[in-house]
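In the part that follows, the structures are each spelled out as structure tokens.
What follows is chain A paired twice: with chain B in the first complex and chain C in the second.
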Partner chain A sequence: MAHAVISCLHANLAAFEAVLEDIDQQGIDSITCLGDLVGYGPQPNEVVELIRQRGIPTCQGCWDEDIIDGLNSCECSYPSQLAERRGHQAHHWTASRLTEENKAFLATLPLTLRKDKLLFVHGSPNSQHEYLLPDMNAFAALERVETAGAETLFCGHTHQPYVRELSGGSIRVSVQQKGNQPNTEQEMALPVRRIVNAGSVGEPRHGNTKATYVIHNDSTGEVSIREVDYDVAKTCKAIVDVGLPEVFAWRLSHGFEYAERADDASHVCER
Partner chain B sequence: MQQTWLIAGPPGCGKTNWILDTLLKHEGDCAYLRLDGPSHEGLDQGHNAGIDGAWLMDQVPRLQDLSLSASIAALPSRDCFVLVEVQQFRPPAKSNADWIDPQVQEQLNRLQLKPDRILHFGLDSDLPKHDTLNFTQLEAWHLTLHGCVWDPNSLSSFWFELVNGAYGDVYRAKALMNLPDGRSFFCNWMVSQESSQFLPLEFVEPLTSRPNRISHLVVQGKALDHAGIQSTINDCLLGDDVLEMQQAQLRQQQQDLQPTS
Partner chain C sequence: MERWALVSGLCGDLDLYEQIQSDLRRKRGTAHLFVLGDMVGPDRNCNDLLSRLRQPKRGDLQPNCIYGWWEEQLLAEHGYRGGQKPEAFDHENEAITLQKLREAVNVDHLNWLASLQFGFIELDCGLIHGSSADVGDQLLETTSPLILLDRLTRLDVNRLFTARSGRQFHLQLNGGTIQSKVKDHAGEDQQEHTVPKRSVIGIGSGANYTLYDPASDHIEFLSVSGRSGRFNLGFG
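On to the complex of A and B.
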């Protein structure tokens, strides 16, 4: 059975509606969302309410957490002062616009969702704030999947969709013995694991402005990355209309993130 | 024997780069003077805020700034090579290549300078072909940034946004920007070029306070969003506390690298 995985909606209603339409057209009725429903974009309430209306199982993203727990739940992830200032501006705007009911909903979201050997998280099993970038050290990436007890890990947060198969790994352990006994060595082959990044519905950063999500086939294990056109100009107009910085609209219309990405793949929030 | 060359051309045609190359090839004493050019040609479009002069003085330390002199009597030697840069939007007719605008001539007379050679970008074959943008139809905006220090990653983002159209159609941008490690960068972009120049100045400021040298941004283009540019710049500049914290770390690193006796 095919199911869709979406992530990082970022209060972009036009993009979310276009992706839902694409999913519906393919007859898929099982959807999992990896969080970041809000942040930067102009329609936080509308997006949260559509998630609730469709009953889409959702885990909590870093922006969802920040809106509930307050700013600076992880201030160390901004790559520049400019990105931090813009992030804070977007945070304050979102926090002031989001209804209490929708905030309460965000507070109920779990950090992970699991379906057999499939694990769904926003950033990594360690934190909503950790970036699993496609070129992350293979051993570290495998560790994230293996210690979480998953065969396939679905994540978002980076806004770059990718499928990464981790295979051919092994661990060799040398144990020093007492006295003159020779060291004993053990080698174990590591199982094949996968990381699937769903990209971003509302704030793409993969080279163009199209919304991205993935479709996973439970039976065959096949994963396909979908790119969906949406009315970018409509969202850009909404950004300006609600009083968010006009540069957000410019960046979105050119396929850039509202602020900037963090480059440190091993970053883990230590608050 | 003293040689005086006058180089005239529109903004963005490559005068500064050509002058720097020429000065670096010259081994003796040299001097530089930048004249505003004819006032009727729209000085605002060519406003430079001393960026070119500061860049050239940094790259050629022996270069004398003639704008600070009352006459050539102050030149270090009789065989000094003098380069005079003039902002001029339109070259004269070919038949009149030695023509000098009366306002420019007046400025030269005051300094007792008589050009031995006059070169016009767009007319003289010895010079690279200049771009054909009509700068007089562009609006100009400039901002003094004296004492300002940029967060490096923020500067990178701002410049990217600026030259890619986030704040209007920018045709030309030039700046000297300070970084917290004491360096200053000459940032230069022209719409006809594929990428920006980011060239570090040789002189590095001490890590003890805010820098005290020329720092300025000039932008030429159409439908420029002045408020948007200013707002983003404000978000990029370091406050006193952050600057002191970063400089303290850098001072400590420098101290750690000192050889112990």
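On to the complex of A and C.
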């Protein structure tokens, strides 16, 4: 059965509606959302309410968490002070516009969703704030999946969709203990695991302006990355009209986030 | 280059600390002493040991201390840190143990304990009580190499010295590979990643301690004579 996974909607209603239409047109009625319903975009209430109306199972993203718990993340959240100031501006605007009912809904979202050996998270099993970038050390990436007890890990947060298969791995170790015991040597075969990043519906950073999501076939394991056109200009205009930083509209219209990318994939958020 | 002595789990035992200092004086060439946490514990009064660590006697190797699991619990009890980790509350005698821990340490020492770092990076070595993931993380010689490699990668060090498990071991990651295939909108990319040559060293606890020579990479596991390697992991 085909199953759609969406992430990082970021209060972009036009993009969300276009992706839902694309999913509906393919006859897919099973959707999982990996969070970040709000932040950056101009329609937080509309997006949260559409998620609730469609009954889409959703994990809590880092922006959803921040709106509920306040801004207390460590320095990894933003790559520059300028980005941080703009992010805080968007946070305060979103917090002021979001209804109490929708905030309460965000507070109820789980950190992870699990379906057999499929695990759904926003950032990583460790944290909503950890980036699993496609070039992250392969052993560290495998550790995130394996330690969580999953075979396939679905994540978002980076806004770059990808499918990463980790296979054929092994690690050799030797152990010396106290005393005269001889060294022991062993080789550990590593399991085959996958990481699927669903990209971003509301703020794509993969090189063009199209909204992205993935379709997973439960039976075959096949994953396809979908790109969907939507009315970018409409969302950009709404961003400017509500008074959010114009750079949010500019980068949305270019399909990448200027100078705002997490560089250190090994960093573990100290939040 | 001069050797390092790595000690942990003194849990307030000044006599043991003095025996280790005495041992180290007899072993020429040891110039640096690292105390990897658990200087305090609930089973004895810790004030004399803490005073000695803060103000060493003439002839003592100057101790470089970081905080451990017991310091974390103590500081949480006094409101210096967030709440204890959930695993700290599994034991039925938890309240009694915490009370004993509070009584074992004079509040005059708390600011100093709170000022201690999580770990040291010396040369290409990480010196930590638990691991780069958590002060309570127990790394053993039987821990999955994947997890050990992750803990090393997080710190970007070649050697990770850990104390939390109380075990003395030297585990070397000697090799291995993994295939990584990434498919995105731009196409497919396949790479082979190799395991870097890295080590995790359990330094022991209490009377069991470790000497390390950075010049030769030689590791020596030692015990203070006549003392067992007493070790208390906590409430669990």
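Going forward, the second predicted complex is superposed on the first by the 260 of 271 C-alpha atoms of A that agree within 3 Å, B and C clash if a C-alpha of one lies under 4 Å from a C-alpha of the other, contacts with A are read in each partner's own complex, and residues count from 1 in each chain.
FYI, contacts are C-beta pairs under 8 Å (C-beta built on N, C-alpha and C of every residue); 3 or more make two chains touch, one makes a residue touch a chain.
Everything numeric in this text was worked out from a predicted model, so none of it was measured.
When both complexes are overlaid on chain A, chain B and chain C end up sitting side by side without clashing. When the shared chain is aligned, chain C comes close enough to touch A:E187, but chain B does not. For the three-chain arrangement built by superposition, the Cα-centre angle with chain A at its corner and chain B and chain C at its ends equals 90°, in steps of 10. With both structures placed on the common chain, the touch criterion links A:P134 to chain C but leaves chain B unconnected. In the superposition on chain A, A:Q176 contacts chain C only, with no contact to chain B. For chain A, the partner touching the most residues, choosing from chain B and chain C, is C. Once the two complexes are laid over each other on the shared chain, residue contacts for A:R86 go to chain B alone; chain C is not touched.
Touch criterion met: A:E165 reaches chain C, while chain B stays clear of it.
When the two complexes are overlaid on their common chain A, residue A:L142 makes contact with chain C while staying clear of chain B. When the two complexes are overlaid on their common chain A, residue A:H206 makes contact with chain C while staying clear of chain B.
Residue contacts after overlaying the shared chain place A:V247 against chain B, while chain C stays out of touching range. After superposing the two complexes on chain A, the closest approach between C-alpha atoms of chain B and chain C comes to 14 Å.
Common to the chain B and chain C contact sets on chain A is no residue at all. Listing the residues of chain A that touch chain C in their complex gives 134-135, 137-143, 146-147, 160-179, 185, 187-188, 190, 206-207, 212, 225, 227, 266, 268. On the side of chain C, the complex with chain A involves touching residues 132-133, 141, 144-147, 149-150, 153-154, 156, 168-186, 191, 193, 195, 204, 208, 219, 221. Taken in their complex, chain B has these residues touching chain A: 151-154, 156-158, 161, 164-167, 225, 228, 231-232, 235-236, 238, 242. For chain A in complex with chain B, the touching residues are 79-83, 85-86, 245-247, 250-251, 254, 260.
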